[in-house]
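Before anything else, here's the structure in question.
All chains are identified by letter, namely A, B and C, in their written order; residue positions are counted from 1 within each chain.
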Amino acid sequence: MTEAAYLQPPPPDYLHDGHTLGSWLFTTDHKRIAILFALSITFFFFIGAVAISIVRLELVTPAGDLVGDDTYNKLFTIHGIVMVWFFLIPSIPATFGNFLLPLMIGARDLAFPRINLLSWYLYVGGAAFTVLTLLIGGVDTGWTFYTPYSTMFSNTAVLTAAMGVFVVGFSSVLTGVNFIATTHTLRTRGMTWFRLPLFVWSMYATSIVMVLATPVLAMTLVLIVAERWLGLPIFDPSRGGDPLLFQHLFWFYSHPAVYIMVLPAMGVASEIIACFARRRLFGYSFMVYALVAIAVIGFFVWGHHMFVSGQSPYANIVFSFLSFMVAVPSAIKVFNWTATLYRGSIAFDAPMLYAFGFLGLFTIGGLTGLFLATVPIDIHVTDTYFVVAHFHYIMVGGSVSAFFGALHFWWPKITGKLYPELWARAAAIAMFIGFNLTFFPQFVMGYLGMPRRYHIYPPEFQVYHVLSTAGAAVLGVAYFMPLFYLIWSFRHGGRASANPWQAQGLEWQTPSPPPHENFIVPPVVSEPYDYHPQEGPTAGGETSA
Amino acid sequence: MTGLRTTLTEASVNARTVDIAFLSVFAISAIIFLVLFVLLIIFAVRYRRGRPANRGPLPKLMRREIEIGWTTATTFLAIFIFWWFVAGYGLPPKAAPNQLEIHVVAKQWMWKTQHPEGAREINALHIPVGRQVRLVMTSQDVIHSFYVPAFRLKQDVLPVRITELIFTPTEIGRFHLFCAEYCGTQHSHMTGAIVVMTPPDYASWIHAQPHGDTQDREGEALYDQFGCGACHAPQSQVHAPKLFGLYGSSVTLTSGKSVRADDAYIKNSILRPRDQIVAGYAPIMPSYGALANPRAVEALTAYIKSLREGAS
Amino acid sequence: MSDTFLKPPFETLERQHQAVSFGMWVFLVSEVLLFAGLFAGYSVYRNLYPEGFLVAGRQTDIVYGTVNTAILMTSSLTIAVAGRAARAHFGRTARRLLIATMTLGLTFLILKGFEYREDIAKHLLPGPSFALAQPGAEIFFSYYWVMTGIHATHVTGGLIAVGRLVIASRRDATWLSGSASEDATALYWHLVDVIWIVLYPLLYLTGRTGHG
């Protein structure tokens, strides 16, 4: 860009260059692709949500009086499949990652814009399979597809479901490759590795996991299709197959996958907390190493899902140990976020409320992970609601909160509009309350022995289930609120300046919404999170001392 | 009737261990969580925007040192929890002399149990209090999981494989048995009752049951049908171990280890002979996993058990 | 001429080249893990059923296997040289070599097709009428079909990629010297070969090696 740039009238922002449907469906602009992803995952979130709403209603009474056994099994299966592969895994990376990664490193776009579009089409293709699955009667294997049930016994649409996940898998591999290549080759002048915002680092770590783990899942699904469809003996024990092989392959992917679901949330939390505490993030380099450590160690703990599967007790002990080790870097991050608040200048706008929610709920979820990593405890609570509570605390309480945090934090940048702060805070608080009401009782009933994936259950657990369903109702309402007031804000919200939060980071140096080529004038790179009033230049914010 | 449950009886030796572990880890996490929580509150209040407070740069000490400090602290804490509650645990307990061996066959969607005397039950298991029980389990179809919350015990039950569960009930009463591994349509109906009785009650109960000692006859038939004798019969040309008096004896394996020839061992030898090769023999025995269904294996085992010296 | 190749978001051509081949490398790592999943299962079962695998291994058709190996290795050579030629601005030669590569690739697939037909005739397709009785033999062939099948789809993918170059360069062959996708395609093609080099011993030499 030259001086001329200043004289020219500003180019149209990415929302307004091109209004035809084609200009969206064939765009290679990472910002528009991000929007496409955002709309699709929202749709799928509600599919998963409707499914589980029915489950929750069913569980109000011990008897199976609302839906039949098969329907119930299909409901929680589609809930799990959709929420994990069609909502949470793409949620932050494919939307905010897509939108922000190039902006944050001062690039015009991702390294491979056309591949980026391709990965959206792959996503939609896979999604189509899932919808097909629903139309032809659903699938009932649970999201874990355990053999031999999935290959030899279930008589539901396992094939379409597996293929859908398979295709979406490629979408996330391509996204991963794209992000990694972009981070390596498109950082603008002065944007050294250790000046990258933690959000970019989290995207980088996530991408590594996507690229290394997803193909293994893809292969496992291929084998399932081969056995179920072509009748090739692979897992079937009655034809000599090893009943545990599938579980090893599946969890080798699916444990790292849970970090695909949380690392981006950690990235978001880091950005928000630093900005609203007006503080340089505490222990930046440790935060980076922690991210990478989680990504790496995460590949060696999959066996903790198989403590009672019949694998050798020695294996159990090793996997247990590694699970404790993977907890340490997460601990470091939690401590650093807390320390960042020290001597800060803390404002409690909606994004910060979500960040606090993330912090607390992720910690609870993570700590209960330690219970599960403790073999004797896990033998008792595995496959009970204790596990269900554990992962919802991290995935819903942690990651989904962070997702909403990001949505509000970058909403002005993405849409150029301001959202109604009061409504936003109300939603955040409602979500927090509803969430705990939904899932805390599940810890209790889990420890008391309530098995998961149970359609009917002994009456002594009813009270907890009723509480949980009540919570889900609150949660449901809370999830609907943003839907409404954000649409409203998009229409009638006040104009957002380039940097409404006085935040650091290159994405705030360009108009909101950004022009097609991201930056009119090349951005100026400074130290990351240069908030601290005393040290270095400040981007506004009180410096009351 | 909706009786609210807030506690879970500890009905086995193991239950104690688990509860202690749970409470300890809970205590540790609770402390960690509270500390963090309190800090969050304090910071949120003291450093609220607009409220005057010292927002100066951090004291030097609050940099690397503290970072390294809590990293190592957490690491040690983690290792401690692991070492204290996991490292010792997990290896199955020693077999007690008067151990009660019960056979469990899981199928969609029921539990079949069988007592040494041959008495069979469905979706129920009667056992005497205070006596060590050993469940030898297999599945006829998919993976199931034998779960008794009151014992804090769970073990997956696999097709074609044998898995075991050893415990000692300490409380008299009636406890839930759940299938904890998702196994299809009626997974949630695959439940039952564990009835722990005083030894005399158990004795009289077992006495009242019809006995299935026809089983080893059945086994003998299968033994001929499968042509086991082709190799194992005393006069056979094939170099294969004699099965007389095998049961209960201790067998030396090529690996050098020696094992007690109990039900599990015999079943494994039939299902997956390659796992344990008897010293001095070639691993030529075919696996009968595909031919023999769990019931047949039970029968064959019963027959081999009946082959005591002098007997038959 | 460079600006004909330079696409946004890149500002310089060599950066773009770096990005393309680096991206391809990352993708190849992913591909390797795809097959790693298969190899893991293969070795588990090979330990479980040693002689089942030996017996089954002898049934695969070593002639086809070996010929195909030779073909693929030659194709690797041709595409490598094509790259050299392109960089040395011998556009025509490069293009011819690419066509040669494609023909070799196609021959590989055709031969594989014939092999498959014979395998089926010999009842080596797992199922009720499967030829071998040994435990594990059937599983070996499950892996044989899946592994070769997936590899074949990769060869097809490679063909399409090379085909794209051939078509793109039909107007002026010098195009090859500038475009970044040339080396990327070559990288991919080499990977497909390397994977075959691993499959070959697993599927064709098992049971024919000494201890068979």
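The rule is short, and it goes like this: contacts are C-beta pairs under 8 Å (C-beta built on N, C-alpha and C of every residue); 3 or more make two chains touch, one makes a residue touch a chain.
Quantities reported herein were computed from a predicted structural model and do not represent experimental measurements.
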- [ ] May I ask you to sort the chain touch graph into line, ring, star, complete or other?
- [x] complete
Open item on the list: Taking the mean of each chain's Cα atoms, which chain ends up nearest the overall Cα mean?
Closed with: A
TODO: Could you see whether A-B or B-C has the larger number of C-beta contact pairs?
DONE: A-B
Open item on the list: I'd like the Å distance between the centres of chain A and chain B, where a centre is the mean of that chain's Cα atoms.
Closed with: 35
Task: chain B and chain C: spacing of chain centres that average the CA atoms, whole Å - done: 46
TODO: For chain C, jot down the residues that touch at least 2 other chains.
DONE: 48, 135
Task: Residue list for chain B, restricted to those that touch at least two other chains - done: 287, 290
Task: chain A residues counted as touching two or more neighbouring chains - done: 239-240
Task: chain C-touching residues of chain B, taken from the complex the two chains share - done: 274, 286-287, 290
Open item on the list: Can you tell me which positions in chain C touch chain B when the two form their complex?
Closed with: 48, 135
- [ ] Spell out the part of chain B that touches chain A in their complex, as residue ranges.
- [x] 1-8, 14, 17-18, 21-22, 25-26, 29, 32-33, 36-37, 39-40, 43-44, 47-58, 62, 66-67, 70-71, 74-75, 78-79, 81-82, 85-87, 89-92, 108, 141-143, 145, 147, 149-150, 152-156, 158-161, 163, 176, 178-189, 287, 289-290
Open item on the list: Quick check on the complex: what are the chain A residues that touch chain B?
Closed with: 62, 64, 69-70, 73, 140-142, 144, 146, 148-149, 152-154, 237-240, 243-244, 277-278, 283, 286, 308-310, 313, 316-317, 320-321, 324-325, 327-328, 331-332, 334-336, 338-339, 341-348, 356, 359-360, 363-364, 367-368, 370-371, 373-377, 379-380, 382-384, 444, 447-449, 451, 453-463, 532-535, 542-545
Open item on the list: Residue numbers of chain C touching chain A in their complex, please.
Closed with: 8-10, 15, 18-19, 22-23, 26-27, 29-31, 33-38, 40-41, 44-45, 48-49, 52, 126-127, 135-136, 138-139, 141-143, 145-146, 150
